[in-house]
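Down below is the structure, laid out as structure tokens.
Letters A, B, C and D mark the chains in the order given here, with residues in each chain numbered from 1 onward.
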């Protein structure tokens, strides 16, 4: 912890990249020293790169543009020099990531918000508090690929809250199956163009391409066990329906969970509340004080009211009750902040953990 | 069909009552001749009764106030004279209905949008096309209670679309269990005060009191079988989570259905499309031309785009796909217009059927 | 009126073009026989051209796609053959219009929803009911430019309601100055990408590029007088602030009007109500029954409640009251349907008038 | 400044009262020691008083309920004991305020968010930074009425931003007339029931009862001069149209201002930026660092993006440009946070000033 690490943010002009800048602003351990994006932005100052011809600032965060970012020159992501860079945060789209991330990883650790490498066998998908015991797979990945760096993606923002809420149940009672319907915020779609206002006003969009498959697959991998250099995916099926609603930030999810061992509503709540004490004990700068916040008011969690609890890094769970259908069924509603814990701030938390655990030096 | 029946609308100043007036406007068989509401409105013209002191018209429908309604005098529901009245549409709240409906039913058939009598053993909950074979229970009810009239409630607006979509599956393949998450429109909450704008803007409310219990119980009753003067409820469990979203009209529901007999996605779609031909053949004035409309565009059904299809009387189903969790599982998204098929216009359709079937004369 | 005219719609895949198809569906006088758009759509059927790779239909109207349009082949607008075409409706963007419209006009009348030619001296900007006496300028244009056809644009959708409401005041009392603040619907921005949902949820955008200049200039031209082959613009200043609000359709405008001659609130309302009887007398298929609808409920006009009055072709005016600031000041709130009267349906009404007046044969 | 003052908050369960609690949370000078509301809440703890029978917390602020408030007993406002109380914050409705405030003022200073006393000749309406030189009127009021305390209301939340932005213009150039159209947030209507979601979704409501009259009258009084114990109202007319839009917090206003002396856009911006340095110099705990923030991006101010600048206590002004109509006309768009500067936090700032100026001891 003796020196500050130098960070490059790639895809810095997009929504996920902007969130990365905000999550790294005033960070005690990390300092952004390089920004990169597509060739269209290369050579401009960051401020110029996010300002349209008509003078409009294309900035998607509630927090202002960090002052130090305005005058940084944006580099071309394809030619980015990694001399002196300790970590890359990659926030491009997935297609670009497939090309860029292996290039960067030859020399440098890459924390990614994209799905490009999520489904590779030697790539862990980290959620701090849930599966940091998958970290040794990083060494396998480096050996396999001959890389000095590595790639660790965070999950899809819809997976994050679900996997977080399932983790204590899986550990304490065993999960036998999951049904989940999501009501996802518009910020999850980015902003170029993201969700069009004509499409979402007074409306619900009942389909988000590839989202359900991602949630089903990632949840099983994240809750799987690392066993002799291989992650054995959790064996319970997950069935999801992913929808878009007219909410800015915060994914709401209705979950129905079959358990292997019967548990009361109180036991479920207690297991959730107790979860993640090891993460909290690490005292990471971006970490939550309470990884899962259980609320008793039946009208909560609500995205607008609750998404910013604990810096947007806690998963809020409410309405825990028995389910009539699944074996030893439990159902609840969860809320996870898709652009905090589910995106760049979650990636920052992963980087903090990896630093403490010795993977970044 | 030789004469026009005289109708009284009770609870005429509320949202459900207003919708009743609209659904009965220009009706070929029914004519509204009496309006009733609480003592606060009694003695006023209908126009006066729905206009606030500051001159604001409290009218919740997109359609204008039917011209004939403006000058009708509103009677006190407690003293309503039923001389010459052939049918009562009751749209009060449930507590008032418990007192008023039995009083009216002594002499006159009551079609109700309230839950007051839904769970009584001798009361059928009709959805036209689904369970009109429960109609003989009306005679049992009349005998039991010594009434010349009767009470038939329609279901909760969230039950309607679910039960409609399940009916063809239950008949063709057998249903073994249902999980359902609803995204309900704000109009379902009425308007005094209904949902407050401060509560729903940029938000989801994950709880609607008593709604889940209603859906679970009513679905089983509606899809049950009338057997020797008793409805045997369908034996599959239903597990629901009911939420409110910022949509004006149209309840969207994600359903996951276990089947007793395996069926492909195409077989499910075909069964739904073929359903309700008997209802359509009756050619009722408020009936749909297609009780269930199956769409293939994965981005639909959407409430704003699709709720008004077929006069708001069809249930729109899309995204039919296999479910990984439930036995022979199928999942889909449905949309039902909560203030048309799910409310007064649905009640009007019930009345039309009962008239044709000889229960109203 | 003996034969049906053949119409080509150019820019048919965009929002304005889609509205044109809807406004021409089942038209008694006009029949769409050709569709054109950019080279990207050329050669596809219309249905294909408006369907994305992931199967999503990009259709912006509440009305369904007219059945006859689905299988029409889309032509390249640059090579569009006008053989047998009696009228072109052009709904491209303004830059394309500058090139395409003069090309088409060499042989064929062009009704345009773009601003490309609005500010040319020999081009009238028609609002039916307001300034059809500018029609002789068409002959001047044809002579000037050596065209057999001509170009007549409709105004910007924000101008339409303002100019309509000012016309009776200008005639009866004289207008000395106008202040106008608009609250414009998101559909006015089109949909590629139009207004992003992240930008407008829980928000107001206080700027729409070039909009204020258009309103100020067009209003003066439309209310000007044709005098010896030249339109003398009305001499009163117009000062506008144009904002975007989270409303789907319907522009709301707060107007403050100085009059040359004092008029009471009642006199103003009477002048508005009486306005446009000559237009109504023409009995045009798309015309309103009442060009200006004056309402007395102070809570109206409201976009959602009132925009569809009279087929979206009436300007709804309410809250008429005295203004303390401008000389003989009057203020009011108006509502105009930006995608009906303010767009393609308004253009259709112009075509209907020109047909009746002998300019299209 | 040697001791902490004891505060009673009356109307503590309503929206304005809740905001008062938040604005006084952790205050360095003031401590809330008593809460009062209507007899319905009297005797309950505060937490109980704001929780519904079904367990829903009726809390309107984004900030959580201050921990110290939960267990305070709510008193009946009519019997509130003022022993040991140094200041009353009154946030009841206006009718109650007419009775309660004079009662309290017999012994104790009352800072009020209501309109009950705003239009009395001996009552100043304070906006810190604008008219604290009206403070000597407090002594006149005390003498007139024989009170040891006094009543000072803050303005209507729509007046606040307008008067703030006009103040530097009035001082530097003289104002000759103002036209203002407001786009007001739903939180301005409170929440019992406030604005109904069915009324505002996809809509604008063009009328807010009494609002325009308040703005016109209060602006003139606030910008008037205290002259021999009487406030001479500013002599320029104000003409307003007040509308409601679907925005949570932050009133947007389009202002058109006639000046007595010509000023360029830059001179106007400079005068605004320089305004209020005397207020800032006082270093009050709730005060802004910049009373008026002038922005150059033409797409701003936007309520969601800008309302929380400077703790919600700055008035944000953008789009300053010349106006074609009014003499030496200037127009601009302003944004003022209606539930911060325009409500309880503004009242707290008034109290802070009065304390420093010696009126509270």
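As a convention for this text, contacts are C-beta pairs under 8 Å (C-beta built on N, C-alpha and C of every residue); 3 or more make two chains touch, one makes a residue touch a chain.
Quick caveat: nothing in here was measured; it's all calculated off a predicted structure.
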| item | value |
| --- | --- |
| Contact-richer chain pair (by C-beta pairs counted) among A-D and A-C | A-C |
| Per Cα centroids, the chain farthest from subunit B | D |
| Length of the line joining the C-alpha centres of subunit A and subunit C, rounded to whole Å | 47 |
| Cα-centroid distance, subunit A relative to subunit D, in whole angstrom | 41 |
| Junction residues of subunit C - those touching two or more other chains | 54, 201-202, 246, 248, 298-299, 305 |
| Parts of subunit C lying in touch with subunit B, wherever the complex brings them together | 54-57, 62, 201-202, 296-299, 305, 308 |
| Touching residues on subunit A, where the partner in the complex is subunit B | 177-179, 181, 183, 201-207, 216, 237-239, 241, 243, 245-248, 252, 254, 256, 298-305, 318-319, 323-326, 329, 331, 333 |
| Residues of subunit C that touch subunit A when the two form their complex | 54, 60, 186-187, 191, 193-202, 209, 246, 248 |
